[in-house]
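You will see two complexes here that share chain A, one where it goes with chain B and one where it goes with chain C.
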Partner chain A sequence: MSYLTDKEEGTSYLVMGNEAIVRGALEAGVNVASGYPGTPSSEIIDSLAKVASELDLYVEWSVNEKVALEVAAAASFAKLRALCAMKQNGVDVASDFLLHLAGTGTRGGIVLVACDDPGALSSANEGESRYFARMMEIPLLEPGNFQEAKEMTKWAFELSEEIRQIVFVRSVTRISHASGNITYGKLPEKKRRAEFKYDGLILDPDEGVMVSPPVGWKHQRQQEKVKKVREMFEESPFNTYQGPERPDLLLITSSACYLYSREAISILGLEDRVGLLKLGTTWPLPPKLLTKHLLKTDRVMIVEEVLPFLEDHVKILAAEQAFEVGVKTFYGKNDGTLPMSGELNPDLVIAALSTVLGIDYAPVSEDYEQSAKLFASVGAPVRDLVFCAGCPHRASFFSIHNALELDGRKGFVCGDIGCYAMANRPTGYRTLKTLHAMGSGTGVASGFGKMGQFGMDQPILAVCGDSTFYHAVMPALVNAVHNKADITLVVMDNSGTAMTGFQPHPGVARNALGQEVPGVDIAKISEAIGARVEIRDPFNVQETRETLNNLIEDKNGAKVLVLRQACALSPQRRNKKNYDVRVDQTICVGEVCGCGRFCTRIFRCPGIIWNYEKKRAEIDEVICAGCGVCADVCPQGAIIREDVPKR
Partner chain B sequence: MKAKQLSKDPFNIIITGVGGQGNVMASRILSNMLVNKGYFVTIGETFGASQRGGSVISHIRVSSRSAWGPLVPKGRGDVVVTLEPIEAIRVLAHYGNPAVEVLANTRAVYPASVTAGESTYPTFEEIKEMLKKLAARVWLIDATDEAVKLGNSILSNIIMMGALSAVGHLPIDQDDFTAVISRTLPLDKIADNLQAFALGVGMMKEKRRQER
Partner chain C sequence: MDGKGLNRGQEVLRKHVLDAYLCTGCGACVDLCPYNRSYRGKIAVLFPCVIDEGRCFAYCPKIEVDLDELSMRFFGKPYDGNPLGAYQSITAAKAGHRIKDISPQAGGTVSALIYFAMIKGYLDGAVLTDRKGLLPVPRFVTHPGDVLGCATSKFAAAPTLSAVNHAVKEEYGNIGFVGTPCQILATALMRSNPLQGDDFIDPFGLVVGLFCTWAVDFRLFEPFLAERIEIDRIRKIDIPPPPAEILEVFADVGTRLEIPINEVRELVPKGCSYCIDMTSEFSDLSVGVMEGRPDMNTLIIRTDRGRRIVEEAEREGYLTISKLPEENMKHLVWASGNKKRRALVKAQGEGMVNTETDAEKSYLRMSAEVLERLIA
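== the complex of A and B ==
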């Protein structure tokens, strides 16, 4: 039994923010959950999948976020409760369907949880999902701590069911991936039965068809829901105020920034000067509540991540109520008091408060600060992100790099989203030259592949991972084949959604619930689409490189090379070495070799280290994963690999 | 349960290291031990892309009064536990202060740039000197070497937790550790972990005895 399904009300557990969201959904009696993996959201569906059989839930990793939301919506239409989870850019993917769903309305409670990543800690962007709530005209909730993440998620289902509209819950990395104590509520006993009713009148929300036309009528009804929600938000316990009745400054905040703001006020000892208005219901904003607090003072600071979403809406409200609340001075993103990119933290809020209120604050003495900075600059060399020891991507990019060098026409790789995005760094030999959204590598390559007409003769490669292939590469590959774009797509199939924790995808014959399901084969799909397909093991660097050169020279439209090798951290490879690897110290001649320290300087596997005293390469036993690729790379043949004896 | 008052509230622990060293696991286990003692604990951690060879930092905020945010403010670290020696230097640049205490595993994990010869890794003596200048107390612990002797290098994180428990800032001991891991770890891993924790406790006790 998971601690997430503990039936005892009032017990307390240390849980991740994502798990608090899960517990909230369980307390709301969620029946169906779907999503697509993406940091920092993945643990939501992972955890729900683990408790699915115990609580009779249906949980799936869908092929992409749009389909995930469609699956969740079907459950809602059948009067079940459904949760759909994704990272911020997942909402971009799902947004086409979301617009229509917001138009038709929903039935069973349905909650869309988006986990944003301010500061792009593990993303290729720091996009804001909050604007979608506004754009789609659906309610937005933002939890400001772990307990609230649970309570809010639970309430979101009730709200959704009451207004028959999807509710948007927005978390951020510092809530989703942080942990804290929460106290449990009750788990419901009642079961729901699924049935989709469609025999009623067309405008009947419960028994009519689920279609967005007649658009004018439905849109008006949707906006009436927003008005109703605005009224409900006036009284919401998720909006709180701490501070004096007449503060010098009103600080309005939401989400993790609430915790930073509270701490900044405490560190500066401003409890008597600054009023802290924490908003949990951030769209539509409750005007009466805001008016009440805006009346308290003339100076207002808004602290949020990343863009001035709250700030702009508060300003609109203040303008609408100008006659009542008077003229305000606003501090926030637009005037530069706080940065408009990157994540915030307590220090940035301390700095902003210090500036606005004219306070001197130094956390440590200047002397200490200077030595600490100096020591870090000389004593702590930067750790660039690298592919893990034994990572198949290193071998793949090594071959791609060599194939392109041999070809000599300045070929390049259009990149995609996954660990292999790091191939724009030295660890991937800087072969990757474009990086955008899921599937965009192949789409962009498809465009480059048609530029021969304008004199371009550079070879065009695209890379994608196995999960990415299903998510968004398939339409781009169809496009490339159909339009005879001259490209080579390299699918780096490492048997799972590796970067986010080995979630299964359609290529794996096992689903989120651990059941056996049909695996959908990447090579066969590519063949059916009409591409020439080759399959290789990237650990065979010689064969892979030769195949690549052969494919690049083939001028007949789109080609696909599937490189199959499991991730070094995958359950099937973790802690299992194929080879015992060592550097024969009598063969390695070190710096006089002429190889220019090829293994450590160029190939750069972290399992190989350079002994500065002996001036020879060595294998770090603790780090080496035993893939044996380096033995093929050493020009002297000094790296020896021997089969690990079978036990 | 009423939690014992701490020397500072919130008490800020930073556990740092390199992706793959068991940083997150160590912070989970430590925090669960503290939650069982009745404390409010908030953990903030950076993982995801940082699994691949990058620096990993877990912020653990412990309070007998209320829950705090997931990030330690600048200059407010109370104890830094590092699984890789230079990571402590990196962390102190932001979270250090003259009263901070450091427990450092001595085993180096070289950044790719060092292996490639593009930057240099400080000598052990240099690391020691820098840490001593920045911290009130520094304990250097050969956790990885001992863990390798136990048969699994990953146990270095548990050895470090054992050592931390024996410093005396936090009211936790081997029994609290046993209670947590018997709930969270598979049966076949428990014996090794108990041994590692006890080893860490022993190493720290010996160091403190030598100090006197």
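== the complex of A and C ==
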């Protein structure tokens, strides 16, 4: 039994923010959960999958976020409670369906949880998902601590069911991935039965068909729901105020910034000067509540991540209520008091408060700061992002790089989302030259592949991982084949959604619940689409390189090379070496070799180290994953790989 | 070839040879390290190397080639700009009656010489140019019988010298080599112990140079031919001696294609236009097609080693020697002198010829007087 299913009401657990969201959903009696893996959201579906059989839930990793939301919506239409989780840009993927779903309305409580990544700690963007709530006209909730993450999620289901509309809960990395104590509530006993009713009148929200037309009528109903929600938000316990009745400054904040703001106020000792209005219900904003607090002072600072979402809406409200609240001075993103990109932290809030309130505060002395900067720039060794030891991507990009250099026509790789996005750095031999959304590598390549008409002679490669292939590459590959785009797509199939923690995907014959399911074959799909398909083992660098050159020279439209080799950290490879690898110290001649430290300077597997005293290469046995590729890379043949003896 | 303190490695080579389109893809810099590779007629630098002084630079026939030093070393006199280079004698030649089963280009002199040197044990192996489809590829043979399989002209540059580097790594010596003038110039550099190694041994047992006015860029040549005939059907390609002015392509079942030579000249890489050497001046023996006699070769004997093998091969019936007509000799001098002057004018005009006082750059170094005389 998982601690997430403890039935004991009132017990406390130290849990991750994402687990607090899960517990909230369980207390709300969620039946169905779906999502697509993406940091910092993945633990939500992972955790629900773990308790699924115990609580009789259906949980799935869907092929992409749009399908995930469609699966969750079906549950809602059948009067079940459903949760759908994704990272910030997952909402972009799901947004077309979300627009239509919001226009149609829902039945069983349905909650969309988006975990944003301010500062792009684990993303190729720091997109703001909150604007979707405004754009789709659905309620937005933002938890400001761990207990609230649970309570808010639970209440979101109730709200959704009450107004028959999907509710958007937005978390951020520092809520989702930090941990805190939460006190459990009750787990519901009663079960729900699924049934989709459609025999009622067309406009009957409970028994009619689930369609967005007639759009005009439905849109008006939708906006009535927003008005109702606005009224409910006036009294919401998720909006709190701490501070004096007449503060010098009103600080309005939400989400993790609430914690930063509290810390900043405490460090500066401003409890008597600054009023802290924490909003949990951030769209639509409750006007009466805001008016009440805006009346307290004429100076207002808004602290939030990333864009001035709250700031803009508070300003609109202040303008609408100007006659009553008077003229305000606003501090925030638009005036540059706080940065409009990246994560915030207590120091940034301290700096903003110090500026606005004229406080002289330096967290460290200027001397210290100067020295720290100096030593960080000259004293710290360069530690670039690298592929792990034994990572198949390193071998794949080594072959791709060499194939492109041999070809000599300035070919390049259109990148995609996965660990292999690092191939724009030395670890991937700087082969990757474009990087955008999931599936975009192949789409962009498809475009480049048609530029021959305008004189472009550069070979066009695209890469994608196995999970990404199903997520969004398939339509792009169809496009490339159909339009005879001259590209080579390299699918780096490492047997799972590796970067987010080996979640299964449609290619894996096992689903989120651990059940056996049909695996959908990438090579067969590609062949059926009409591409020439080759399958190789990336650890065979010679054969892979030759195949790549051969495919690049084949000018008959789109080609697909599937490079199959499991991730070095995957359950099937972890702690299992293919080879015992060592450097024969009599064959490695070190610096006099003329290879220019090829293994450590160019190939750069962290499993190989350069012994500066002996001036020879060595294998770091602790890190080496035993893939044996370096034995093929050493020009001297000094790296010896031997089959691992049966133990 | 004094250092002048500059980088004499991959970086300069890349800038002054590869990026300047001087490279003819001879292969001298290939298979020495993990960095330089040859692929479909072009040299690729896979990764940046950090070695300041490399064999790649030292062997390259397109950068800082000191003609006086090479001439002194191989012929005991400074470079004088003679159109045919230094030589002992020039004759007409063809394969002798003891060479059977051979259908080489022209007179078969090259194959006969290498074959003979191998059966006599003068050579432990030979580096020749074979082809894979249309692509010329280096081949290292250790059995005399394999020599004859490589005996056709290729017309596209080949990285043949990479096979020498490979054979040396495998500790072969007494290697026979057949190549074009740029490749022969590289062998001269390789034989000069350019990096002053203490344990240096000249790996070549016999160097046979071919006459060459230009070669074609394989990557242009293949699609050029593919537009005219399916590549798989091609059996043999030939450029008959002047005044034919055509390229002949022989395909299956008697199909023969004639392509005007002017069209083919469009495919010549830029590097060839700087080449001052038509007759492979730093070889032991140089061989070319004899004008007006497609069944015969012109043979230039340059060194004692070359002369001894020719004499012996003739004595034993592997080679037939006859006098080269005066008219042919005159034309040979005229043609090679022309090539030399044209190329030198171009190279000098683009600042690529150094005399004693100049700084190091692409690609030749020679005395000011000889240079002046040649381009006058």
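Quick note on the criterion: the second predicted complex is superposed on the first by the 631 of 647 C-alpha atoms of A that agree within 3 Å, B and C clash if a C-alpha of one lies under 4 Å from a C-alpha of the other, contacts with A are read in each partner's own complex, and residues count from 1 in each chain.
Heads up, the rule we're going with is that contacts are C-beta pairs under 8 Å (C-beta built on N, C-alpha and C of every residue); 3 or more make two chains touch, one makes a residue touch a chain.
These numbers were taken from a predicted model, which means no experiment stands behind them.
A.B. asks: Mind checking chain B and chain C on superposed chain A, clash or fit?
C.D. replies: Here chain B and chain C can both sit on chain A without a clash.
A.B. asks: Now for A:595: first (chain B), second (chain C), both, or neither, which partner does it touch?
C.D. replies: The second partner, chain C, only.
A.B. asks: May I ask you to decide whether A:401 touches chain B, chain C, both, or neither, giving the answer as first, second, both or neither?
C.D. replies: Second partner only, chain C.
A.B. asks: Pick one for A:535: touches chain B only (first), chain C only (second), both, or neither.
C.D. replies: neither
A.B. asks: When the two structures are overlaid on chain A, which partner does A:610 contact: first (chain B), second (chain C), both, or neither?
C.D. replies: After superposition on chain A, A:610 lies in contact with chain B alone.
A.B. asks: Chain A residues in contact: does chain B have more, or chain C?
C.D. replies: Counting residues of chain A touched by each partner, the higher count goes to B.
A.B. asks: Once the shared chain is lined up, is A:622 touching chain B (first), chain C (second), both, or neither of them?
C.D. replies: In the superposition, A:622 contacts chain B only.
A.B. asks: Mind working out whether A:378 is in touch with chain B, chain C, both or neither, as first, second, both or neither?
C.D. replies: A:378: touches chain B, not chain C.
A.B. asks: Can A:635 be said to touch chain B (first), chain C (second), both, or neither?
C.D. replies: A:635 sits against chain C, while chain B stays out of touch.
A.B. asks: Can you give the closest approach of chain B to chain C, taken over C-alpha atoms and in whole Å, for the superposition?
C.D. replies: 11
A.B. asks: For chain A, what residues appear in both contact lists, the one with chain B and the one with chain C?
C.D. replies: In chain A, residues 597, 601 are touched by chain B and also by chain C.
A.B. asks: Under the definition above, what is the set of chain A residues touching chain C in their complex?
C.D. replies: For chain A paired with chain C, touching residues are 401-402, 405-408, 429, 549, 594-598, 601-602, 633, 635.
A.B. asks: Tell me, which parts of chain C touch chain A in their complex?
C.D. replies: Touching chain A: residues 32-35, 37, 39-40, 42, 44-47, 49-51, 54-55 of chain C.
A.B. asks: Which residues of chain B touch chain A in their complex?
C.D. replies: Within the complex, chain B contacts chain A at residues 18, 20, 28, 31-32, 35, 40-55, 67-71, 73-76, 86-87, 89-90, 92-94, 96-98, 109-117, 119-122, 126-127, 130, 133-134, 144, 148, 153.
A.B. asks: For chain A, which residues are in contact with chain B within the complex?
C.D. replies: Answer in residue numbers: 12-14, 39-40, 121-122, 145-146, 174-175, 177-181, 256, 259-260, 262-264, 267, 345-347, 350, 363-365, 368, 371-373, 375-376, 378-388, 419, 422, 426-427, 499, 569, 597, 600-601, 604, 606, 608-610, 622-623.
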